Each structure stands twice: as C-alpha cells, then as structure tokens.
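Can you keep this structure in mind? I'll have questions shortly.
Read from first to last, the chains carry the letters A, B, C, D, E and F; within each, the first residue is number 1.
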Amino acid sequence: MSTLPFDDDLKLFALMKEQLYSAVLCDALDQAGFRQQAMRADIRPIYPDAVVVGRALTMQSVDVYQPEENVYDKEISAVDSLKPGDVMVASTQQSTRTCLWGELLSTAATVRGANGAVIDGYTRDVRLIQQMGFPLFATGMYPVDSAGRSEVISYNCTINCGGVTVSPGDVIFGDYDGVIVIPKEALREVVERAVAKVEGENITREELRKGLTLRDVFNKYGVL
Amino acid sequence: MSTLPFDDDLKLFALMKEQLYSAVLCDALDQAGFRQQAMRADIRPIYPDAVVVGRALTMQSVDVYQPEENVYDKEISAVDSLKPGDVMVASTQQSTRTCLWGELLSTAATVRGANGAVIDGYTRDVRLIQQMGFPLFATGMYPVDSAGRSEVISYNCTINCGGVTVSPGDVIFGDYDGVIVIPKEALREVVERAVAKVEGENITREELRKGLTLRDVFNKYGVL
Amino acid sequence: MSTLPFDDDLKLFALMKEQLYSAVLCDALDQAGFRQQAMRADIRPIYPDAVVVGRALTMQSVDVYQPEENVYDKEISAVDSLKPGDVMVASTQQSTRTCLWGELLSTAATVRGANGAVIDGYTRDVRLIQQMGFPLFATGMYPVDSAGRSEVISYNCTINCGGVTVSPGDVIFGDYDGVIVIPKEALREVVERAVAKVEGENITREELRKGLTLRDVFNKYGVL
Amino acid sequence: MSTLPFDDDLKLFALMKEQLYSAVLCDALDQAGFRQQAMRADIRPIYPDAVVVGRALTMQSVDVYQPEENVYDKEISAVDSLKPGDVMVASTQQSTRTCLWGELLSTAATVRGANGAVIDGYTRDVRLIQQMGFPLFATGMYPVDSAGRSEVISYNCTINCGGVTVSPGDVIFGDYDGVIVIPKEALREVVERAVAKVEGENITREELRKGLTLRDVFNKYGVL
Amino acid sequence: MSTLPFDDDLKLFALMKEQLYSAVLCDALDQAGFRQQAMRADIRPIYPDAVVVGRALTMQSVDVYQPEENVYDKEISAVDSLKPGDVMVASTQQSTRTCLWGELLSTAATVRGANGAVIDGYTRDVRLIQQMGFPLFATGMYPVDSAGRSEVISYNCTINCGGVTVSPGDVIFGDYDGVIVIPKEALREVVERAVAKVEGENITREELRKGLTLRDVFNKYGVL
Amino acid sequence: MSTLPFDDDLKLFALMKEQLYSAVLCDALDQAGFRQQAMRADIRPIYPDAVVVGRALTMQSVDVYQPEENVYDKEISAVDSLKPGDVMVASTQQSTRTCLWGELLSTAATVRGANGAVIDGYTRDVRLIQQMGFPLFATGMYPVDSAGRSEVISYNCTINCGGVTVSPGDVIFGDYDGVIVIPKEALREVVERAVAKVEGENITREELRKGLTLRDVFNKYGVL
C-alpha cells in the first residue's frame, strides 16, 4: 500500500521535490502511456538549482499592436487567484517582442504561496528573481514591458506551453533537465512508478561502479 | 532640477551602472516614445554579473571567402580609436562562420579605457575575458579565427546590432536581462524617467510584500 | 626537436588539456589547411570548466516511431567498447524528440576510462553528471528517454557531429569556447603549431598591457 | 494638378491596379519616408497574376487548444462587414496549426464586393479560390479547419501582418513581387510619385535597349 | 446504407480522387477524433493538379557520411515491392543534403502500378516526373544523388512523415492544399463523413451567392 | 576523343543547355570528387523552364543602415562588365531587407549578352523579367529597393552563393532541380562524364518500362 501523501497536495509536492527528478518522472509517464509530456528544451530554469513542483494555473497572452484599455486586467486577476501550491504556467505563443513576467509578479505570486512559474516566452528582472529563490522557467530574458505589445486574453483555460497541452490542475515538475506535465488523472500512478524506478537505478549504478559492463547490468536488471 | 551629472559622461555612466538596470531604462524609453530599443534576446553577457554602460563606437564586419591583404586593418583602427567610456558595438550580420572578438582585443580595449563590448556574433577566449572582468555581450562562443572568413568593412557608421539601429555616440546599457540602446538625443529624458520609476517600483514592492493584492496595488499606484 | 609525448596518447592528451585551448588549436588547424574543424556553436559544455581531450569513438542514432526489439543493443556495445583516452562522439541527426545520453552511461564510460562525451543532441541527468566531473558537451537538456524514439544504428563509423566530419580515431578537444576535431593524421603538426602560438600570444598580451596600440603590436609580431 | 481620382476610392483602386505595381509603389513610399511597408516575402499570391488593391479591413486570430463556444462569431462579423473596395487583412501570429481562410469565406467576401484578402497564415481550397479569380495572398496551404485550433479575437484593430503594422483603412497593394501597405494619410503623395516614376523607368529602359551602359543611363537620369 | 466501394481499394481510391479533396477529408478526420493528420505545409505537389490517393508503403532513410556497400539495397527492395494502389511514403528526417527520389524510381513505381509518392525530403528530375503525370509530393528540389549521403534503413515500418505518424496500409490523400493521412481503421467512417459534408458545402455556397450573410447561412446550416 | 566544343565557350554552353541537366551534372561532379557543388534548395528559377548556363561573374553585397554616396557604384561597374556567356552570381548574405536585382538590371545584362543571373537573395519585377525570358534564379521576391539597405562591396571576387564557394570563371548550371557550380578546372571532365551518364540512364529507363524490376536493372547496369 502506498504511503505517499496523496491526500495532501502540499506534502506530496514537497516529497516529489526532495526525492524525484524530471527524467525519472518522464520515464514513469512513458510507462503510463503518456509520451508527449516534456516541454521544448528551450524552456530553461533561470538558475541551475531551480526546481518547481505544483498545480498548474494557466494563462494565455497574445501579441497586440496598439494601446488597449485595462491592458493588465486579466493578468492581474490570474496572479491574484494563485493559491498555495500553484504554479503559473503561461503561453505567449512564443512572442519575441516582449516579456510576460518580472520581479513584481514574482513577488505577488510568492506572497500568495505559489511554488513558481513556467513561461513559454521571455521574462525580465532575472537576477532579482533569482535572489528571491523563486523557481522560474522561461525561454530567455528580455527587458521590454508588455504594455501595448502583448495582453493576457484568458486564464484557467487549456493552453499549449512548450509544445505540451496543459489544463488547469495538471501537475508541473521542472528542474535542470527540463519541465514536464503530469496529467492530473495520472498523478498517483506516475509518482508511484517513479519512486520505484529510483530504487532500480541506484542498484544499476552500484553494479556499474563495481566494473560490470553495461551489457551485464542491462541483462541482469533491464534498466538503463 | 536634475542633479544627475549630465555634464560628465563618465560620472553619469557610473551612476547609471550603480542605480539603474535595463528593464527600467526600457520602460523609460517606452515612455519617451522609443519602442524598438532592445537588442534580440540571444545577445547575452558572458558572465551573469556583467554590466556595460557607455558610448557606442560601432563596427561592421562581413563574411569573406578568400584571403585578403591587410585583413585586420580597419578592425585595428577601430579598436585603437576607443576612448574612455566607449563601448565597442559590432555587427557581423549574424555570421556563424567565425568570431569577431577575443582576449587580445579585450585587453587592448581595456588599456584604452573602454567600458565593454557588444557583439552581434560570436566571441572566443571567453573564460579569460571573464577573468579580466571585461563586460562582453555576444551571441555565443566559437573558437574560429576571422582571417579569411570575415572582415571589418567600416567603423563609426550606423549599424544594425541585434535588430536595433545604433549610431556612433548612442548610449548602450546591458545587463543580465539584455542590451538596450538609448539614442543620444534622448539620454537626459530617459535617465531622469528611469530614476523616478525605480522609486515607484520600490513602493509597489513593499505594498505587495505586506499582502495587498496586485489589483489593489495597481489601482493605487498604476505601476506594474 | 619536439619533446611532446607523441608516443603516448594519454600523456599527450593530459598535456594538451593543461597547456592548450580550443581557440589556439583552431588557429593551428587553419595554418595546417584544415578550416572546417569547429563544431556548431550550440554544442556546449554542461559546466563552464569542462574540458575534454581524447580519441573519438563515434556513434550514430536515428529517430524511430515504433517500439523495436533490442533497442539498446548497439548503444550498449559502443559504450562497452570504450577504452582509456576515448571520447564518445555521437550524432542524433539533431533530434529534438529525446536525449541520447545520461548519468548511467556517463558512469559506465568513466569506469572504462573514457575522457568524456560530445553529443550532437540532448542529454539528461545533467546535474548528476556535472557532480561526477564528467566533461560532457551537448546541444541541450531533455528528460525524455530514447526507447521507442531513437536508436543507435551504427558505431565506429564516419559521422557528422556538429557540422564536422568525424572518423574513429580523430582527436577531439572541447572547452568553453567550443569543440574542435583534429584529423588523426594532422595531430603532431597541429599540436606543435599550437604550442608555438601560445608563446607568441603571451608576448603580444604583455606589449598591449604596457600601452602599445594594437597596430604597433600587430606590426611588430603579426599576431592578433 | 493631379488628375487622379482621389475622390473616388473604387476608381482610384482600379487605376492603381492597371498602371502601377508593388515595386514602384515601394520606391514612392521610400521617397515619402515610409521605409518599412513591405510584408515578409513568404506572403505570396495563390496564382501568379493575382493583383489586389483596396482598403484594409483587419482581423486578428490566436491559437486555442480547447473547443470554444461561438468560435466563429467574430470572424463571421468581420466578413459580413466587408464593403466594396475592402481587402481582408488577417494576422494569425504565424500559426502553422490551421488555416484561417477558404473558399466559402472567399465567396462571402466576393458577394460583399471585397477586392481580395491577405493572410499572414495558411489558407485552403486554393484551386477553387483561384478558379473564382479571387486575389488571395497567404503564407501557404493547409487543409486543417480552425475550429478548436484558432479563433478570431478582434477585428477593425491595428495588427501586424507580415511584419508591417496595418491599421483599418490603410491601402493594400499586392502583386507577384509582394504586398505593401500604404498608410492612408500618405496615399495621395505615394500614388502621385509612383505614377511619375513609371515614366522615368520607361525612358531608362529604352536607353539601355539602345546599348547605353548602365553607368551612362544612371548618370543621365539618376534612375535604377 | 453506404454504396461506396469499400470492398475494392482501387475503385474506392478512384472515387475519392474524383469526388473528395484534402480539406473535406480533414474535416471528416476532425469529426472522427483524428486531429493531427495533416502533414507539414512544406510538403507540396510538384505540379498544381497532382492528386494522390492510395495505401502507404513506408520507407525511412538516414544521412550517412561515408560510402557504404549495397547502399541502394533496401531502397530497391522497397520500390520493387510496390503494388497497384500503393503510395510510396518516405521520411528522410528532413535531410537537406541530398534527394531521395527521382525519375527512374518514378518510372519503376509507375510500372508496378503505384499511385504516387510523398517524400518528406527533396526530389530531382522534377520536370520529367511532371511530364509523366506521376503525382509526387516533396519538400523541394535538389539535384544531389543519395550515394554516400543517405541510405534507406528500413521499409514497411511506422515512420513520421511531415509531422504525422504513418503506418503501412494507412491511406494517403494529397492535393494542392496538402497531404493527409487516414488511419486504416477509420477509412470507412472518414470517407462517408466527407461525402456527406461535400453536399452541405454545396448548399451553403449557393445561399451565399444569393446574397445571404455569412451569419444567416451559418445559423441556418452550421457549416463554414 | 571528345568532340565537345571545349575551345568555344558559347558553343559548349549551348550544347550543355540542350543535352544536359543539373542532376546528371551533379552526379558527374560526384564522380570527379566534387561533392559540395549544389546551391541551397531555396534558390529557385523564377519560371519553371528557366535554364541558365555560363561563366560566373561574382558580386557581393552587404546590408547597410544609412544612406551612402555613390551607393550603386560597384553594382553598375559589375553589370557593365558582363560579357557574352557570363552569368551574374550574387551573394547578399541572405538579406531579407531588400532585393538585389530587377528588370532594369536584367535588361542591361541582356544587352551585354549575359546568359542569366543567380541571386542568393530576393529580386523584383519578376513578371516582367519572366516575359523577357531572362533565366533568373533567386530565393524569393520582394519589392523593396536596395538604396540605403544594401550595397555591393566587391565584384569579381570569391563568394559563397547558396552554400557553395564560387570563384570568377567557374561554370554555373541551373534548371528546375537547382543550381550547381562546376569548378573551372573540372569543366572538361565533368561535361564528358555527364554526357556518358545520360546514355546509361536512357537504357535503364527503357528496361524499367519493359517491366524489369529495379533490382534486375541495377544489377545489370549499376545505374540508378
């Protein structure tokens, strides 16, 4: 019987952050039949040790070419609706004209208890956000404000972030290897498989260090 | 009345380096009506804390496909003409065949008092340049010499670097978020606006930390 | 008469690692008439101080779209055939669907005495590999396993890695500036020229630091 | 005194279609100080002799990833609002997932008197639209319907189409060389200059055919 | 009851070629829940009226960098195994170094009764193939032979062609709008839906031509 | 003994135009050891039947960002120096900001007896040039004049056009399959091999049409 805290999201996310990593979760997703769950490789953490785990709150922006009224309206609503354990996941349709995120939004998100953010687009104020220890993943840095350049048109909707479909409530895991999306209905299965696989890899590693060939080890344990 | 040292370039650049950053300068450029002043996001500092401020001395290279005589002639003249407070800004037309900059040029530039360099192209000797503390921004690293591959065809001319038009004497500011170009005629207005905006952001940040929602803070101060 | 240890590969590789760097080797290759020997600039070390030198053992993978039997067969044979002083050099035809390398393969390679790996494709387990001090060069990180996505179809064959043709036994040198390939028949000439050029650059650098212009120094020594 | 029918849009558009072409209009825009008015070169006519002239009615779509209610609502309103002499100009933010235009929309636009369409995105039913003689410009063909893939979010707004800012009422001219945008306030000046330039080119061409060198002709007339 | 000749592939393909087109088949695939079945838009017919329908015989090539023995072996086997009603569908992993198809292979395929070919890669001898009336779809033309540059590594396997997974026996339909893949198990449903939809569009078109607005027609028939 | 008119360039070019084509010349270049002689596949003829053969007169342009004096000076000299049998071959470093060629230059080139032009960049006035029957190859169409956007910086120099190194006097052959470059020293060998290969292919084609399998034909003649 599983002893993982599936009845308490925040405890489960903390445990995943401590014991798991994106590669093993990706293998577990493969086993569970979800084979398109890793975001494009150009979505990177802003500092090497950033790890993000949490429930997706989604947001979609679009490029605009004229000043709009109430331009920040939906973005403000989205950020203010963040709850403890949430991760802001935003698609900009890969805009290169502006950035969607910055230090003030990171501060607001932190105050609401959010666990981090994943932006398929640029961010700014990166050194300050790094100093806050806010785990932010983005495609790059760009100092240009969004007013009159892009606008959030909806949130809490299904989006495509980094090539992966993300629905509100899906679980996000990101570390130095990349960002993956665990469909909410598969969370239990995926985490249990990942925990088991970590143990298998530890044994394999020990055998290799003792000098066994890769073929011997693979024939014995079937793990690579 | 402004107390900023607009009559002394070197003092002004030092003050900008200490108190300002690319994002707030970019917002000030927006307010002043200059909305296309940030270079492409793939021009990056070679070390995270690199900050460059100064007057642009421009240089244009072009790919060549045969050995030329006096191949380094204009590049040498350009580097030797650097003065204290200058920043070398070079366009390679995004060549991926060679690099335009390296450690010896960085050493020569430092000796002349230059404040750094921004290359829309590759550089080499990156670890050595980083150890010198020379703030260099480039699109990547590549160990290939330029002789017979590219050649500086003019300097002190209007160029396009990272998608932005740069004329000699424009002011360059680069940090971890990116590189921006301040047209020389707008320098005073932009710096004054940026200094004012930094204060507004400090207040906003404090209010957010106290737990106000983003909407409350935005309604109260209009800054995001 | 050269006193470089050309009769002992491992000693020569150690000496190259200590005294030379990719830029000077690239200049020496140019002098020797090999002008297309630097891999594309997007093949990067996974940590800044990674330096790799050694004999290429090559490997070629290809994307697949259905589960295959014995999918790891040739990859296992390739890794198990690594000898001391070898560097694994792998082409994935720039696949963005999966990664070709990870921590267990790095462990197996280290145990066999390999000096590092260069992958024209993605890797995973990057933080662990960095902690091992295994000098790995790749185009990026991606947490997705290769089973059912790509397969090694041959090894010890001529490949194209990062735009450069690599044959088994060619010598690889990679550092922060990039990765170059020294054709095996040119190794002696290239290393001797590079050792000589390092000395010339030291003199040039000293002269520049004394305040000589770049033109004076270039006219005097002809090195830039 | 100009005898061009500037008081009657439809007559003026007909005259432009008969006597002018995109290259000479582009030169006239240059002379008038508008130097960024040609759309990207991948927006092409669907048949070689397609020529479009008219007033822009703009439309902006965005990719979506879930079924929406009333998904065609704004697109239908936009098409139904077309008036004689209008050209539909649509931006998809360069979506490659779907197409924005097809034969039924072309039929509806023709019935309303529209002069053609320019789509920064894909279209479908291309052979049928060509048979109708409806001058359509697009980035390519793709048979995939937009329902659940993209949605028009606004029309009659300022958009970016093919890299050029287009406001409602700007005048569009497209032929085999490409598509240009004439800001509405510059229409009179640009058309008058273009008509004059066509005459200069006719003389130059005659002189070249008589055997004069390009230098002689250029020195004599200053036109190239 | 359907009167379509589902018991005779060749008759069914002929009927599809005459009555259907890629856009309506794509809508029918959408209705049947297959929403990723259109190949990338850069796979184009080599002449405007080319239409291809048939059963996929798949082939996978990979770039190579040295002369191999029996380099054409699997390619010859694949072409010789073509049967009446087959369409050769080949992936080159988007190689730009060579072409995979040409006039002699088109001649051989025609003699075996094949209906055409779809290549995710380049072809050559294009004018000759066009004169033969062989419906060929490819990403471009390139005159470079494959010997020593690419090699067919397997055929009759699952491949990815133009971004769509294709298994042997899936049904291919290509025309001027693009190429789509109908999974073999969905053929009957998709063709029946498409035949029905063609009728609905005919009515819609008539109503529009009578002057009804798009909104009226859409409210009445729900087809766009 | 060869009866080809190698002592008379114009006759030889006419014979090549009539009897040969780019694919067979490319195979002959392969046999002669020249394996990188085909330009990138995006350099296309402006009309399907365009065929160009002749001696390269090369030209190099570079993007500029300010008005220059005598901006057309070197371009005029280059065009005026064209001789019968020449082909203008121009590199723009793949500029997308302007076009390098147009109708007046085509007229001037035709008057001097030039055989056509190959531009690694855009052209304009395409329909007019097509009506002239001037065989022009380019990467696309764009109506924007070069003044203040690009400038020819040298001609009669070694350039890179479409990824191939071209020196003055090399022989250019372009048709619907693409453009190839025959190094001048290899012209005789390449043309003789190509003429021989055309005969082999004719026999192979006949055998295939008689119903022989590809394997039978290949085993018998070794041509594919």
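The criterion applied here is as follows: a contact is a pair of C-beta atoms (placed from the backbone, for glycine too) under 8 Å apart; a residue touches a chain by one contact, two chains touch by 3 or more.
For clarity, every value in this text was computed on a predicted model and none was experimentally measured.
Undergrad: Along the shortest chain of touching chains, how many steps lie between chain B and chain E?
TA: Minimum step count, chain B to chain E: 2.
Undergrad: List the interface residue numbers of chain B and of chain C, divide the shared ones by all numbers used, and answer same when the ratio is over half, different when under half.
TA: different
Undergrad: Most remote chain relative to chain F, going by C-alpha centroids?
TA: It is A.
Undergrad: Consider the two chain pairs D-F and B-F; indicate the one with the greater count of contacting C-beta pairs.
TA: Pair with more contacting C-beta pairs, B-F versus D-F: D-F.
Undergrad: Taking each chain's centre as its mean C-alpha position, how far apart are chain E and chain F in Å?
TA: The mean C-alpha positions of chain E and chain F differ by 32 Å.
Undergrad: With chain centres defined as C-alpha means, what is the inter-centre distance between chain A and chain D in Å?
TA: Chain A and chain D have C-alpha centres separated by 42 Å.
Undergrad: Determine the centre-to-centre distance between chain C and chain D, using the mean Cα coordinates as centres, and give it in whole Å.
TA: Comparing mean C-alpha positions, chain D is 51 Å from chain C.
Undergrad: Could you list which residues of chain D touch at least two other chains?
TA: none
Undergrad: Check the chains against each other and report every pair that touches.
TA: Touch list across chains, by label: A-B, A-C, A-D, B-C, B-F, C-E, D-E, D-F, E-F.
Undergrad: Flag every residue of chain D that touches chain F in the complex, lowest number first.
TA: Contact set of chain D toward chain F: 21-23, 25-27, 30, 35, 38, 40-42, 44, 48-49, 175-178, 180, 201, 204-205, 208-209, 211, 213-215, 217-218, 223-224.
Undergrad: Which stretch or stretches of chain E touch chain C in the complex?
TA: Residues of chain E touching chain C: 60, 62-63, 65-66, 93, 153, 157-160, 165.
Undergrad: State the interface residues of chain C toward chain A in the complex, per the touch definition above.
TA: 72, 76-77, 79-80, 96, 102-105, 107-108, 111, 122, 124-127, 140-145, 147-148
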